[in-house]
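I am attaching a structure below and will ask some questions about it afterwards.
In order of appearance the chains are A, B, C, D, E and F, and numbering begins at 1 in each one.
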Amino acid sequence: MEKLIELFLASGAYNITGGQVVMIAVGLLLLFLAIKKNFEPLLLVPIGFGGILANIPEAGLAYSAVENAVHFAVPEVMNAMAAALNIASTDPHDILHAYHSSTAAEHQGAINAALDGGYANGMLYNFYSVAIGSTVAPLLIFMGVGAMTDFGPLLANPRTLFLGAAAQFGIFATVLGAVGMSAMGIMDFNIQEAAAIGIIGGADGPTAIYVTSLLAPHLLGAIAVAAYSYMALVPLIQPPIMRALTTEAERKIQMSQLRHVSKLEKILFPIVLLILVALLLPDAAPLLGMFCFGNLMRECGVVDRLSDTAQNALINIVTIFLGLSVGSKLSADKFLDLQTLGIMALGIVAFCIGTAAGVLMAKLMNKMMGGNAINPLIGSAGVSAVPMAARVSNKIGLEYNSQNFLLMHAMGPNVAGVIGSAIAAGVMIKFVS
Amino acid sequence: MENIVSEGINLMIFGMGFVVVFLTLLVFATTAMSKLVAKIAPEQPQPKPVKAKAAPAAAAGNNDELIAVMTAAVHKYRSN
Amino acid sequence: MEKLIELFLASGAYNITGGQVVMIAVGLLLLFLAIKKNFEPLLLVPIGFGGILANIPEAGLAYSAVENAVHFAVPEVMNAMAAALNIASTDPHDILHAYHSSTAAEHQGAINAALDGGYANGMLYNFYSVAIGSTVAPLLIFMGVGAMTDFGPLLANPRTLFLGAAAQFGIFATVLGAVGMSAMGIMDFNIQEAAAIGIIGGADGPTAIYVTSLLAPHLLGAIAVAAYSYMALVPLIQPPIMRALTTEAERKIQMSQLRHVSKLEKILFPIVLLILVALLLPDAAPLLGMFCFGNLMRECGVVDRLSDTAQNALINIVTIFLGLSVGSKLSADKFLDLQTLGIMALGIVAFCIGTAAGVLMAKLMNKMMGGNAINPLIGSAGVSAVPMAARVSNKIGLEYNSQNFLLMHAMGPNVAGVIGSAIAAGVMIKFVS
Amino acid sequence: MENIVSEGINLMIFGMGFVVVFLTLLVFATTAMSKLVAKIAPEQPQPKPVKAKAAPAAAAGNNDELIAVMTAAVHKYRSN
Amino acid sequence: MEKLIELFLASGAYNITGGQVVMIAVGLLLLFLAIKKNFEPLLLVPIGFGGILANIPEAGLAYSAVENAVHFAVPEVMNAMAAALNIASTDPHDILHAYHSSTAAEHQGAINAALDGGYANGMLYNFYSVAIGSTVAPLLIFMGVGAMTDFGPLLANPRTLFLGAAAQFGIFATVLGAVGMSAMGIMDFNIQEAAAIGIIGGADGPTAIYVTSLLAPHLLGAIAVAAYSYMALVPLIQPPIMRALTTEAERKIQMSQLRHVSKLEKILFPIVLLILVALLLPDAAPLLGMFCFGNLMRECGVVDRLSDTAQNALINIVTIFLGLSVGSKLSADKFLDLQTLGIMALGIVAFCIGTAAGVLMAKLMNKMMGGNAINPLIGSAGVSAVPMAARVSNKIGLEYNSQNFLLMHAMGPNVAGVIGSAIAAGVMIKFVS
Amino acid sequence: MENIVSEGINLMIFGMGFVVVFLTLLVFATTAMSKLVAKIAPEQPQPKPVKAKAAPAAAAGNNDELIAVMTAAVHKYRSN
């Protein structure tokens, strides 16, 4: 009987909090959007499922050994942890607070005390530490994306890089928005958090996760969910903006066919890009280095088996762990917060501003070159959201001119946007970390 | 409060400026690279891509062998 | 000449112990059974080979740096380790004993002393720590198994879940057997060890490895070998029991064809199961969470590339490391023990009782429902041993009624048995860890 | 000694009991879920599965193209 | 403006050193050789690219947290590190020196100080630690190579093992050359370094990387580059030596067709080899153990899915990380050194001597057996460099006798050379580590 | 200085010696193993290897089915 009570007192049904119920519902909603609405399912299925796992009461899957020890707050363990952290108070909150601001040695001491108390890291916490805490997972995803990216359209028309540059305005405008809201007292974001939120406007999942894991890991759940959700919503978000900022004549502009790009150019491009990164912004080197490496493996033609693995087995394995790890940050105490609402609101603003900036830059380029070389509809593809945004450009173009296939033209700014937001990421890491 | 706003403005100006400068340099570097490639290693008028070429070549070969190999391929596919 | 002697004194031929010879023979036997007799070769080939590697004299592949240091017992290293462990004795046995019961900080100190002495972890020890010590390998295998499992037959006839429940009686009866033997002084198992031995009756490899790694890691070798061997022996173990407990009329019962199960039901099932686990038994969450995640990836239809990887590259990679890691626990000093004999004996009892319980439950259900809806031959499939046990049900069914294909009907209790033993695992982890 | 036996008996009773309770609840939950699905989202009579459909479709197509593609497949298979 | 200057002061263009420029050029050269000249591209593409990444100024990708902290040399961090390392000086060089010779506990203390100072391990440093520091990557590559190796030709004619033995003379002669140069004061290699250099003559990448990571990790970049470059140059290096040491009559010797080798022999061979290793040289157990394990998975026929994964997804993933990790050792301060020149010079000598020894052994065997059973051209294949060296034997054979296909005959000594150099590796690890 | 040279010479003599001894033993062990296998488990005169056998077998089968399966293979190949 005693055991029965013990079992019930440790059951989820007895311990579940309102926050956990809400977050499990959020996880189910993400699964619904991914499976039924096809919202970036490769990421949102693992993220949603990870979110549910993270909110299973008493399982502590998303918590470190120290967090699990603090949750149960057995006095003698609390005493040992307080001693390890050199604080007088044995109040669980104080211990957790001291733990987060401790030196590396104190940190290890607190972990040892938790382990001695019989607590262990949760499964998702381990996944998070290995995959995201080390930053390796987003970098490997970026390598795989590089191995999947064809820079041909960009090389055929390098000026489309300007469109990719312009669309990054969404990132920085959002940073300004976030600090503005903080200055007005509506929200409370510090500059690191503001920068991480801005990167949602980069419309590039691994970049957003990489930057957030360095600048504001506690916001990772909200930022990743916002980034992937809005990327899936690109076909809804972009068209009205694109229509509002262009005339019908502009939308009908036909672009000249892209020239043939040689194999050698494709091989050299990642190397040129890498060297430019090396000379100008070393902080972007991990992200763009892995991206260029993936692309070089793809194009060089002599390591096809490595390129295939980078595009398939390896990226799939990493995606599973990355998704579950991001999901671990959807635990109620970390996600259910006014900040999350602010992030969701700022994220969509970022996408809108980026889209508008891309379109307007295309119009400006037409003006400056005194011609009609560029259909402004491809400007919106500069936000990245590869390849969704390019497909949107193509679709709207076809609506107004059924012979006008913009897809390949839009792939140029599309991949330029990936480079642009990786550069923006490097600048932010340099200045605010 | 003022402080964080000026930080944000700074980040915007320098960040956006740097992105534009970097991508502008990349436009120049890429264009130069492409011109250099066109000059130094102009591509021969391309034969049709390898895969398309491989097809007739094999098709021209012994038909029995082709069927045997394909069946082996299918066999391997099935056994996966 | 001096070098020649040194080489000889360090050679395996000079140092090999009787135990190592026996264990290498055991490894060879496992390879023989796997390769020639097709005993679960995917696991027993790596386990057998790992067992041989673990018993190579002087190589210390299965030992930690500390164990290797203790093996060679250089006085100054022993002094440093005794100091780190806060014990007075510098006797190697005392040091090893103190090491195993040390605090996390002392543990690290002893490791540091061993590293300073020039000793390193053996290769298999590293594999074990990463794959099993962290519990990640069995969980990933379980994810892959989830991605390979079709719950259709179970959903078409959910009552077969009762058969899966009943067959878990083998687990708990064996626990009782193990503690009984200890009470009678025949063996000396504590309650953790008894629980880990019982789980052999779950007839599910990753569950057995997961539970054992948490409750009684020193028994891992024997328990894993018993679990996989008896799973391979299911076609020999089960039929006599099935025949003894059923009448010929019962064996000829034809079951009605299974209804069609919709895609949506298959998608929702892993979610329903996960939520039930979350509410009732958080301790089963890692195991069943990963299982449900794999199954959701399989059924949702939008992440096929992740599901394919989970079923192929990822599970294969993990299987290689899991097998070698289990093999590392076949070192002579850990395996050659009276306990191992007890485990082997109790393991087969567990299979037999589970089989009988499943068959009897099927008969009881027929009685209670007052009909002949269930052929009791499918009850034995409730032990899991997927899909071998279901095939056995089918084969025996065909012997008595050549038109009676029980395979799909037996798949229901078969996968129910996987869920049942994972639940049993959660209960044990909750109560005895 | 007695102690461990009573622990074992306890574990058996509660463990087995819990397994049965859990799977019974799962039977109810699953049945309810299936009924709900049948009510809310009844399945249309299914068209034949994709693969079976794909075969005739391709077979109906240009035969030369088929052979070319197959040869490429074989080619890829060989080069692995 | 201040930010602009800060950005410029932290840019690669401002900070780049001459050494880094040279090493980036070396990286580009390796990429050129790999892509254009097809020099072992699977390894040299990742190594070359990793070499460029490692030399990106200020990015510190190849450095540990401690090295990065020392690079920036902030006084308070230096003070903390000096305290952790128990030294009085806070000079960065002294700290780095003390760090490299510290005890494990001091080591961890210095790392903690660097982490507290906000420094982190570079990406490539992490790759190196996990892939090579743990020795797991070369071992897994060796497992994959084992799974790709057919011992049939060797089993059909076991005497070709002598050719594989003889060719290892290149290894030991080179060790003697290295210590000779040191004795003469031309170079300054200690015995560990000499042994690691010698292993280049094994003409086997993973063996060379494994041995070097244990005996002289600071030379890993130069040794791996030498090993793979010379393996790619085998078709240029070997033929003149082969021609010089053989008569035209010898080159025309036709060898009798190889007998059929049964499946059982192929299954038993890796086990026989493993047992011999276990009895004679436990230090070679990790390397040859994994090799035999891969080969057993290949030949046993019951674990094809594991064998496929070992040969494809797993070896490809490991190759990517191994290559980048080796590249991390191409940082200017570690590679640009007189030693590197010495290594490149000694490496080619090793290949030449190994080739010659193999050919001469074949001639000796013909003499001793009083017949013409062996075409001495297959002796050169004993250096390994699988399968390039065997192809060279075949090609030269065909030049002199257009009906004489030596390929299969040369595969025997070719794979024997792999075993031979792994044994040589074990001896070196035993005696000089 | 002398010291390292003698170390090198030692390493060469013992190392090379050991390699030769080991591989010689391996020659003996392998030969013995092969003889034992030939004695205990002589191989039956082999039928042609599996793959070659698979080909005619499948080829002999229903041709339509073969095409359907191959098309499915190609389909899978394309969708990768």
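Basically, contacts are C-beta pairs under 8 Å (C-beta built on N, C-alpha and C of every residue); 3 or more make two chains touch, one makes a residue touch a chain.
A quick note: this is a predicted structure, and the numbers were derived from the prediction, not measured.
Between chain C and chain E, the least number of touching-chain steps is 1. By count of C-beta pairs in contact, C-D exceeds the other of the chain pairs B-E and C-D. Among the remaining chains, E is positioned farthest from chain D, on the basis of C-alpha centroids.
Homomeric contact chain A/chain E: same residue numbering on both sides for under half of the interface positions. Comparing mean CA positions across the assembly, the chain most remote from chain C is B.
Our note on geometry: chain A versus chain C, Cα centroid distance of 38 Å, whole angstroms. Taking each chain's centre as the average of its CA atoms, chain E and chain F sit 23 Å apart.
Between chain D and chain E, the centres computed from C-alpha atoms are 45 Å apart.
Shared interface positions of chain B, i.e. residues touching 2 or more other chains, are given as 14, 18, 69-70, 72-73. Touching of two or more other chains is recorded for residues 3, 7, 280-281, 313, 431 of chain C. Residues 3, 7, 10-13, 16, 24, 28, 31, 34-35, 38, 41-42, 45-46, 49, 52-53, 55-59, 61, 109, 111-113, 115-116, 123, 126, 312-313, 316-317, 319-320, 324 of chain A touch chain C in their complex.
Within the complex formed with chain F, the chain C residues making contact are 3-4, 7. Contact residues on chain D toward chain C in their complex (touch as defined above): 1-2, 4-5, 7-9, 11-12, 14-16, 18-20, 22-27, 29-31, 33-34, 37-38, 41, 43. Residue ranges of chain A in contact with chain E, taken from their complex: 103-105, 108, 134-136, 139, 267, 271, 274-275, 277-283, 285-286, 289-290, 292-293, 296-297, 300-303, 305-306, 308-310, 313-314, 430-431. Across the complex, chain C meets chain D through its residues 154-155, 158-159, 161-162, 164-166, 168-169, 171-173, 175-176, 178-180, 182-183, 185, 190-191, 194-195, 260-265, 268-269, 272-273, 276, 280-281, 416, 419-420, 423-424, 427-428, 431-432.
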